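Provided herewith is a single structure, encoded as structure tokens, for subsequent inquiry.
Should a chain be cited, it is by its letter among A, B, C and D, assigned in written order, with residues numbered from 1 in that chain.
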Amino acid sequence: MTPKLDLDEGIVLACRAAAEQISADVMARIDDKTTVSVERTILRVLGLEGADEEGVPLANTVVDEVLTEGGLGRGVAFWVGNGLLQTDMSLESLAKGVADGSVELCALPVADEQAVHDVVERGCRERIEELSAALSKRREMRERLGESTQPLSYVLTATGNVYEDVVHARAVADYGGDIVAVIRSTAQSLLDYVPDGPTTEGFGGTFATQENFRIMRRAIDEWSEENGRYVRLSSFCSGLCMPEIAQMGVAEGLDNMVNDALYGILYRDINMIRTLVDQRLSRAINGYFGIVINTGEDNYLRTADAIRAAPSVVASQFINFQLASDSGVPPEQIAVGNAFEIHPDVPNGFLLELSHAQLTRELFPHCQVKYMPPTRHMNGNPLRTHACDTLFNLITIATGQSIQTIGVPTEGIFTPHIHDRVLALENVSYVTTAAAGLADEIEFRTGGFIQQRAQEVLKGALQILEEVAEEGLFGAIGEGRFGDVSRHESDGRGAEGIVSKADDYFNPLVEALGREPLVHS
Amino acid sequence: MTPKLDLDEGIVLACRAAAEQISADVMARIDDKTTVSVERTILRVLGLEGADEEGVPLANTVVDEVLTEGGLGRGVAFWVGNGLLQTDMSLESLAKGVADGSVELCALPVADEQAVHDVVERGCRERIEELSAALSKRREMRERLGESTQPLSYVLTATGNVYEDVVHARAVADYGGDIVAVIRSTAQSLLDYVPDGPTTEGFGGTFATQENFRIMRRAIDEWSEENGRYVRLSSFCSGLCMPEIAQMGVAEGLDNMVNDALYGILYRDINMIRTLVDQRLSRAINGYFGIVINTGEDNYLRTADAIRAAPSVVASQFINFQLASDSGVPPEQIAVGNAFEIHPDVPNGFLLELSHAQLTRELFPHCQVKYMPPTRHMNGNPLRTHACDTLFNLITIATGQSIQTIGVPTEGIFTPHIHDRVLALENVSYVTTAAAGLADEIEFRTGGFIQQRAQEVLKGALQILEEVAEEGLFGAIGEGRFGDVSRHESDGRGAEGIVSKADDYFNPLVEALGREPLVHS
Amino acid sequence: MNPSSTPEAGEGVRPYADRDDGIVQVSFTLPVRDSRAARITGLEIAGQMGLSRAEVVHSQPVTAGYTYLILYGSFDRRVDVDSIRRDDFDMDYMDHDEVDAFAASRIGRPVVVVGASTGSDTHSVGIDAMLNLKGYDGHHGLEAYEAFSVHNLGSQVPNAKVVADAIAVGADAIVVSQTVTQQDLHIHNLTELVEMVEAEGLRRRTVLVCGGPRISDELAKELGFDAGFSKGTLPNHLATFLVSSVAQRSATSSPA
Amino acid sequence: MNPSSTPEAGEGVRPYADRDDGIVQVSFTLPVRDSRAARITGLEIAGQMGLSRAEVVHSQPVTAGYTYLILYGSFDRRVDVDSIRRDDFDMDYMDHDEVDAFAASRIGRPVVVVGASTGSDTHSVGIDAMLNLKGYDGHHGLEAYEAFSVHNLGSQVPNAKVVADAIAVGADAIVVSQTVTQQDLHIHNLTELVEMVEAEGLRRRTVLVCGGPRISDELAKELGFDAGFSKGTLPNHLATFLVSSVAQRSATSSPA
């Protein structure tokens, strides 16, 4: 795509430099912390699945035990590795032993540290190879069946019942949907564990469980094979279990993940250290295994004014990008977010949106930019929403977005009914076909409204980035710089799950992921 | 508006020249003809309103009597003028006398020709001055209250009941509609008389009667005064009574008229000589009194393929313009028509529409180009239609159209329900506001798809125009060049109402209208 | 077991939105000022329609004294769809060649068809799509078939002329199109045609078909036609119906 | 006489589309394959809704085994809108200054308000719009009023915490927001709050209000609240209701 906004490359570089500093700062501040979720993820990677009768996952039982015993600073991997060596049990039996009290993990004799590390590292490498092999197969399937050309349409299902989600997902695929994302039930984010098994009750979404992932994946793969087009599956690495969901996603062959660095802090009131530590591992996993991650700047425009907040969106895109990058996600796997959220009554709102969308596209040429539909100002009138969605779809294609979450006509009322997505996808197909070549055909007047606006927003973003680099990301969040939401380091949920690493902290996963990723999408 | 299509001015001039020749040809061929409708119009201008108990308008009774008596070649004005001189009756009494048989108009002694001409010409001039005075007042009202900025939205009501139309028109005005057009009942076009009085039954529209015009005008004026924005009223000068409707429109203060030269021929199967003679007077009247006329090229795209037929649309715009111009309509009062009718599934259809709409705009810089919404491919799904209407609205504003007929979501189903227009107008307002400055901001790539398409269509139009200039308009219509509909000179309805002018043919109206128009819009 | 909530065969169906929840959308304008009273009147109507848990999700003034409402509610009854499926339901259509072959072997002479868009209806695209050579959507019209001899009278044709011409050419079938339906114009017009055909004593020997965007087979039969065709009709659909009907009539009438 | 067909007062109303014709639009998905059977089942449902002359104007497959239908039909009964209009119907709201003046003279102390978006609901924009200084649509929230002492607990607040805090600060009013309504989550959550307030013996002395895009006053009352507020609510609406209710309670309780 030829650039159209006449941006000052110097400002872009300065933005990147500021973001690098902000990210380096964050990484330094969280480097000595681990979390219960990070530790549970290690166990899951090692192959620990399942839950006890009360639905408490074994990974939770083990990590909680080690936490209670005060040993988590050394890393759960150490204790489990030691347990494996000392008891000669399988990981699952060991965990069940912890669950039923027959094994006191932290009270076992301690074997040679190197031996413990070796056994866990070996297990970890083996599992990673297994996962990588499965993902290579998936990549082959993707290539064999082929995907739609960009923009890929990203569609949420949200029935609460995974088996209904399958029906709804088929309708999505039938009408050209490219990525199905099962959004999660309202309650899940704040659960400090991942529910187990298939679920049929949920509110505003369906629980993300490994079994639910499996059920959806199977159904969508079936559809893909039958219809000769690969449809992707996505979920949400967010809330108190970010890295665990990432691991589950990899295990079940998901292709995409919504995986923002700050969403949990701002919109779920999760403690910021907790989220930043968790996002790092979740992104390392996603990065390594070729999962495309989506950031969530769109949310800011739902709580702050879309015009005023535009520079903060761009600033956040740079930060989110850098944090992901520093966690090991390659640019092609980072889909930075943006949204069409200016009030429909604003004069020249369409021009502003065009400018903003083009700006994201030009600032992140190697990223899969993701564009989100109008929701905030949508009301109970589906035709009004549909008209806004039509212009949203037009900007998507006119600015060459890579992924677009589709807008549904009942956006202002409820999570979509089965036909609402179909009607929405027809709108997408209509606009995307009718305006297929638009991006190549139109130009913006030199020095005109659209160019000027983009240049202004970029300047505003640089100012924010430089100020944030100065005061640090934590302080900036405290000031409500993003989405007009203010959160403080000492507040928020899940802080009790943060643990300082001891000097002998051991985490075989981070090390293993440090190598070159095996799979790229 | 700065031109964007890089058109070859030489081709444009050649098109105009060919159209001039075509029009001159037509004028020559119809110059010796008058029609019953033309003659009735003279009586109406002279002030003859009303009908007998069976609903037969007095104008019809008188003209039919003269026709039967074989005197119409001299012009009804002569016989009536003579009657007035001979009987000393009022025009109305005279006509009633003809109706009840008490006056034998063509059997009266014949007065001095000059004296007859004088009395009628005086009457005619007086009435024209009266009408002009009323229209000046209207123009003042329009200026005092002010109108919306262009594009003006043109909205049809079609309930069949004029009193319901009033309710529907208020809703239209409330939601920003600028021109209310009461479309006519299916049966009216082929009636060789104008029904009389208020009507409450009609199919697919409401009869155009002078009383209905009055009722609507009063209601809309009331709304305009109450709300401080002038709303226009429009109707249809088409069918077998084109010039009479024009006269009635002037008398009742209408602002716009759909008034195409060929529609009746192609779509109502009216004889071509009849229509061409009738259109000439109807347009002379509209031109003189400052009424804006709309042509109907949009219709071609409903019976012929919109992409293939594009050059014929442009050719017809030139012809329609020239015929109007040669009948005395100034360019600012000619709204040449075009429509958004490419099938929604056509790849790059939006770019084609953009190109076509911009082409019309650039070819007729002094005209009020009128843009018509998608109808042909609209189906029973209102959301699909609404999405198409959204892009239609966008092209309207992006190409600087002057008037846009709005598309309603139920276009593919029925004439709009009261809320359908409201929903449609909200779409129009949304797009028109959000993209207000779009036309000034976007440019088309030099030598790109949009420019090339426009240039091709223009070339195609020139070829058609040159061929039509060669073979004449009548032959071209016979070949189905417009809308894929073929009609022949000898066929069609209303031919029995064509009369050859005698050497002493007298028509005071045409002469009176020959002077400089008094009112311009 | 089907773990989604879609009902099993025989259970009867109801609307499905998020799951088997009966949810329907209803919208209309009330001649009542935009007010709480308008919304409650809307809910009252939804209730009378048998909708439970109805709610108004949108209301707006249309003009003074009129309010547009959008409601959702649950239709909780179930309808037995199995009893609705009948045998003659979805006809299997022959293609062009099959029709011609069928007519050649079973009828042995061209089927004479008179067609028009009738009354004051000027919409000719539908009837032309059925009859003219050019046809519709890449399928030739009946003029292209050997099986038919076609008389397309065009549009705006009075019923009386249709009937007179049918008599004149000895039509086996009269096929008419109706597009304008406002104030039930099509009903009046189609009813008039049936009455005229009956009055002329032609009904038994003439296949009578109508079509148009808002004609359904049910409506057509109710009005006294043999069949009705709506959107999506292709010429071979009509052709199949005509040759089948004519063949059947010959079969049942010849032994008599 | 009104020459349009709009019914006169007292006549009762029905839907109005082109005229007084009763026409309504209905749409839904059926778990039936796209077929004539699906369309006829749709018509059967429309019939059971009391719609006459129903027709399917659109049908399309949603996915294998599911069909989306759009129908029109006439609801011919009339509803007596006059009997629906009641006195307490459209409240006259005081503005900011009026509320403060009213509270000063009639209550004489700040009204203590505890507010939250409750349960697992993270949507805080609605409750913040009512309570925060910034307010909504250019109107300050209750924090800006002298009449109130506001405790906004934020979002995702368990009902138990709301009640505990209300007791702790001696709240005159509890005002909660609910946005997520899928599978009736809001109903469960609001019902739970009412039960807790009652269990704590606070119901009589506490004004209980809920709000949200899909809360209606009727629904709120049904669930045991004193009032419910929906889209379009401004802070002064809530403020008016709160000071009026508190003043009335003091008036009725003080003589006792």
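The rule is short, and it goes like this: a contact is a pair of C-beta atoms (placed from the backbone, for glycine too) under 8 Å apart; a residue touches a chain by one contact, two chains touch by 3 or more.
Model, not experiment: these values are computed from the prediction.
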item: Which of A-C and A-D has more C-beta pairs touching across its chains; value: A-D
item: Label of the chain whose CA centroid is most distant from the centroid of subunit D; value: B
item: Subunit A and subunit C: spacing of chain centres that average the CA atoms, whole Å; value: 50
item: Length of the line joining the C-alpha centres of subunit A and subunit D, rounded to whole Å; value: 35
item: Distance from subunit D to subunit C - Cα centre to Cα centre, in angstrom; value: 42
item: Interchain centroid distance [CA atoms averaged], subunit A/subunit B, Å; value: 59
item: Per-residue multi-chain contacts in subunit A, two or more chains; value: 160, 167, 379-382, 413, 415, 417-418, 423
item: Shared interface positions of subunit C, touching two or more other chains; value: 6, 16-18, 23, 27, 29, 56-57, 60, 66, 182-183, 214
item: Residue ranges of subunit A touching subunit C (in the complex, touch as defined); value: 159-161, 163-164, 166-167, 198, 200, 379-382, 413, 415, 417-418
item: Subunit A-facing residues of subunit C, complex; value: 2-6, 16-19, 23, 56-60, 70, 72
item: Subunit A partner contacts - residues on subunit D that touch it in the complex; value: 27, 29, 60-64, 66, 68, 119-122, 125, 154-156, 180-183, 185, 213-214, 231
item: Contact footprint of subunit B on subunit A as seen in their complex; value: 344-351, 381-384, 386-391, 394, 409, 423, 426-427, 430-431, 433-438, 440-445, 448-450
item: Touching residues on subunit A, where the partner in the complex is subunit D; value: 158, 160, 167, 170-171, 174, 186-187, 189-190, 201-204, 267-269, 302-303, 379-380, 412-415, 417-419, 422-423
